[in-house]
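Which chain is which? They are A, B, C and D, in the order written, and residues in each are numbered from 1.
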Amino acid sequence: MTMYNSIKEEAYHCNMELPKLGLVLFTFGNVSVADRSKQVFAIKPSGVPYEKLSPEQMVVVDFDGNVIEGDLRPSSDTKTHAVLYKHWEEIGGITHTHSTYATAWAQSQRDIPIFGTTHADHLTVDIPCAAPMSDDMIAGNYEYETGFQIINHFAEQQLDYREVEMILVGNHAPFAWGKDGMKSVYNSAVLEQVAKMALLTEQINPSAPRLKPALVKKHYERKHGKNAYYGQ
Amino acid sequence: MTMYNSIKEEAYHCNMELPKLGLVLFTFGNVSVADRSKQVFAIKPSGVPYEKLSPEQMVVVDFDGNVIEGDLRPSSDTKTHAVLYKHWEEIGGITHTHSTYATAWAQSQRDIPIFGTTHADHLTVDIPCAAPMSDDMIAGNYEYETGFQIINHFAEQQLDYREVEMILVGNHAPFAWGKDGMKSVYNSAVLEQVAKMALLTEQINPSAPRLKPALVKKHYERKHGKNAYYGQ
Amino acid sequence: MTMYNSIKEEAYHCNMELPKLGLVLFTFGNVSVADRSKQVFAIKPSGVPYEKLSPEQMVVVDFDGNVIEGDLRPSSDTKTHAVLYKHWEEIGGITHTHSTYATAWAQSQRDIPIFGTTHADHLTVDIPCAAPMSDDMIAGNYEYETGFQIINHFAEQQLDYREVEMILVGNHAPFAWGKDGMKSVYNSAVLEQVAKMALLTEQINPSAPRLKPALVKKHYERKHGKNAYYGQ
Amino acid sequence: MTMYNSIKEEAYHCNMELPKLGLVLFTFGNVSVADRSKQVFAIKPSGVPYEKLSPEQMVVVDFDGNVIEGDLRPSSDTKTHAVLYKHWEEIGGITHTHSTYATAWAQSQRDIPIFGTTHADHLTVDIPCAAPMSDDMIAGNYEYETGFQIINHFAEQQLDYREVEMILVGNHAPFAWGKDGMKSVYNSAVLEQVAKMALLTEQINPSAPRLKPALVKKHYERKHGKNAYYGQ
């Protein structure tokens, strides 16, 4: 038993949702859960198959990427998580996958257009796709720089990470986050579903228009903000 | 035990069919079941995950959308259900989902062409797609107006809700109905399957013709009307 | 116990394979199994859900479509089965489904091109698609004429039903057959898989060529004829 | 008990992974596992359904394709495996499937472009597609020549089988290999996933560029070579 048991348990359960939701093949994904009071997060160990995972194996890391507790090496994407936690103070969980449709959009280097209310129930803009990173960033501290690529894209596009809880990293794959681990997993599944429906929409109607502002606003506000009336 | 137990039980079982049939992700769907003698319907509570649902949680609502019984808030789409029950007197169940292929057609704002007998076994015309609602309707009593958008589209297109038991609401998602809850769930699954096959049909042959009238009539009448001979 | 128990049992087990193989939604399919010595076949009752099916419910029908034994109405497609059994003396089982990809090709009214060895392992030509039936045939004895539409297409195309064990009926759906019921189910699943891969092949390369004759011959003869060496 | 029990057990378990991973329909695939010290491999018997498979049924074959132990006929693709083991001394397992998306690319006769990091995590070049074989090779010792078609394509393209552990054989289907049986199964599943995402990528953006060299190098080296830091 350690002072980090709670986030290790939560991180374990969140990671185990990924195969259930069909978001990962083998070990192609990871979830982390932060404890803001201790300035650490628990994350999946690198390359361990989901069917062999246990809560004890979760690795505890600080917001600079240093391992605080754990016998195993943390996910190779750990530094990306650390950067996001350090700079975005209101997020409590992060999920990274290579889910099929979201990754295909990332490989296509296109934002996912906002075509319907399923999308607008979760965010009011196209799902952003950051450009592939510069050769310098890649050759340097790659996973660390991936975090900055995300943060910089949000700054350039004037997006708020509290309102847009997901991104595609060009040529790579999606990241999603939220107030806790389960919300980040939820967002990853929503992103995958919206990505699939957007591709199908363009196949059915190549000139399908984006959702109009009144519907975007209405659906987003049903679920978000002080006048939300969805859920209990 | 209450006088509404029967429709609450039925609504519960109908709602639980949605994840089994692959028609919902998370809580993106709801089924209601009406008791015409009492002028009420039972509907899924808003935002409650299917794996935590129980018959007792179903919310009983009258045809004006007022909650009659239940501790939880009803589905955010409740008023759409209420309007349909109030104006279409022969329906006993309604299902709303964001199923993948039907929603993609709704986002594409296209009717689903009648390409084959699977479609004609269930209806004789293209599956209608109502236009996205006006900004006034959206800003007003949105879910209530969604019901009228559906009813008005049927009136304009001279469609009979007893013969065409499904619609796409443009940019949004499908609704289906029927004589009882299970028939509305069945129609939702048929719609999703027909939507998928129609997209594939256009991909295989972009100039695929619609089903000819003789086949439309034959297949529909195998299953409907006084000379039907399908089933027991 | 009746003299037909054997084919009723076999027909039951074959029908139960359809949902397991993902070839049917609800009751959109049926399998029959013939007893050539008695000139009858056992077939699924019409409209009975697979999860409620039992061997006793199978309906025994002769090759003219007359019910010989059974309390339930046989599949609405029964006369199509009867015609095929009557005219094609070496088949012992027939499967009809509305499986997704095969039906999309049928709706597209296109033969499925022979693009690879998976196809050639089972037949040496494109999978034929019969034209939609004439209005006279449809208005008459529809299911009976469907059988003749299939037989006539084979005659016109000079196809041998012992070598080509599957067909698409234009605007409708696939039929497959074989020496026994399980072989017809197997052929239905092969057809669905080949249909899916053919669509994907055209999407990847719109000018993909057909398999060349030497490969067609080689793969077909690995599994068929006196020099076959596949299997035990 | 025989001296080959170890590879027969391993081959059995590897073969049983194929249906679990959705890589095979019926018997359309096979895995072999080599014992380099004895210059033999164990392979699936031909045409035996996975649900009836047992470790004892695995057939032991030498690197010239002669059966050393086993009551059943080995996979019809056995000679292809034998040729690869004989010429590529560092592989310990081979998997052949007709998995849906990889086979569609093979039928399209196109290399699979390297569009993203999921691909680069496993290899640094397009997944090669060998041309369909010559008529002479097909008419001769077909499965044996299939092995040479693969080896010759690698030689012509100056590919190293230790770095590129998978290939498409034009008009036919994929082969994958690796240091042991499970690695070859893993590679087959990766190939299928990469093949699916590449098709989707081209559908979303027909002019999607390949991954740039810096990202290819970075991702490959995260998992391979002396500076790898993925996994434990």
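One rule holds in what follows: a residue touches a chain if its C-beta (ideal position, glycine included) is under 8 Å from a C-beta of that chain, and two chains touch if they have at least 3 such contacts.
Here the structure is a predicted model, which means the values were calculated and not measured.
Of all residue numbers used where chain A meets chain B, under half belong to both copies. The two sides are thus made of different residues. Among the other chains, the CA centroid farthest from that of chain B is the one of D. Note on chain placement: the centre of chain B and the centre of chain D lie 46 Å apart, centres being C-alpha means. We define each chain's centre as the mean of its Cα atoms; on that basis chain B and chain C are separated by 33 Å. Residue positions of chain B touching 2 or more other chains: 203.
This structure has the following touching chain pairs: A-B, A-D, B-C, C-D.
Chain contact summary for the complex, chain C toward chain B: residues 25-26, 28, 45-48, 72-73, 76, 98, 100-101, 103-110, 132-133, 135, 138-139, 142, 171-173, 199, 202-203. Per the touch definition, chain C reaches chain D in the complex via residues 115-118, 186, 189-190, 193, 196-198, 200-201, 203-205, 208-209, 211-212, 214-215, 218, 222, 229-232.
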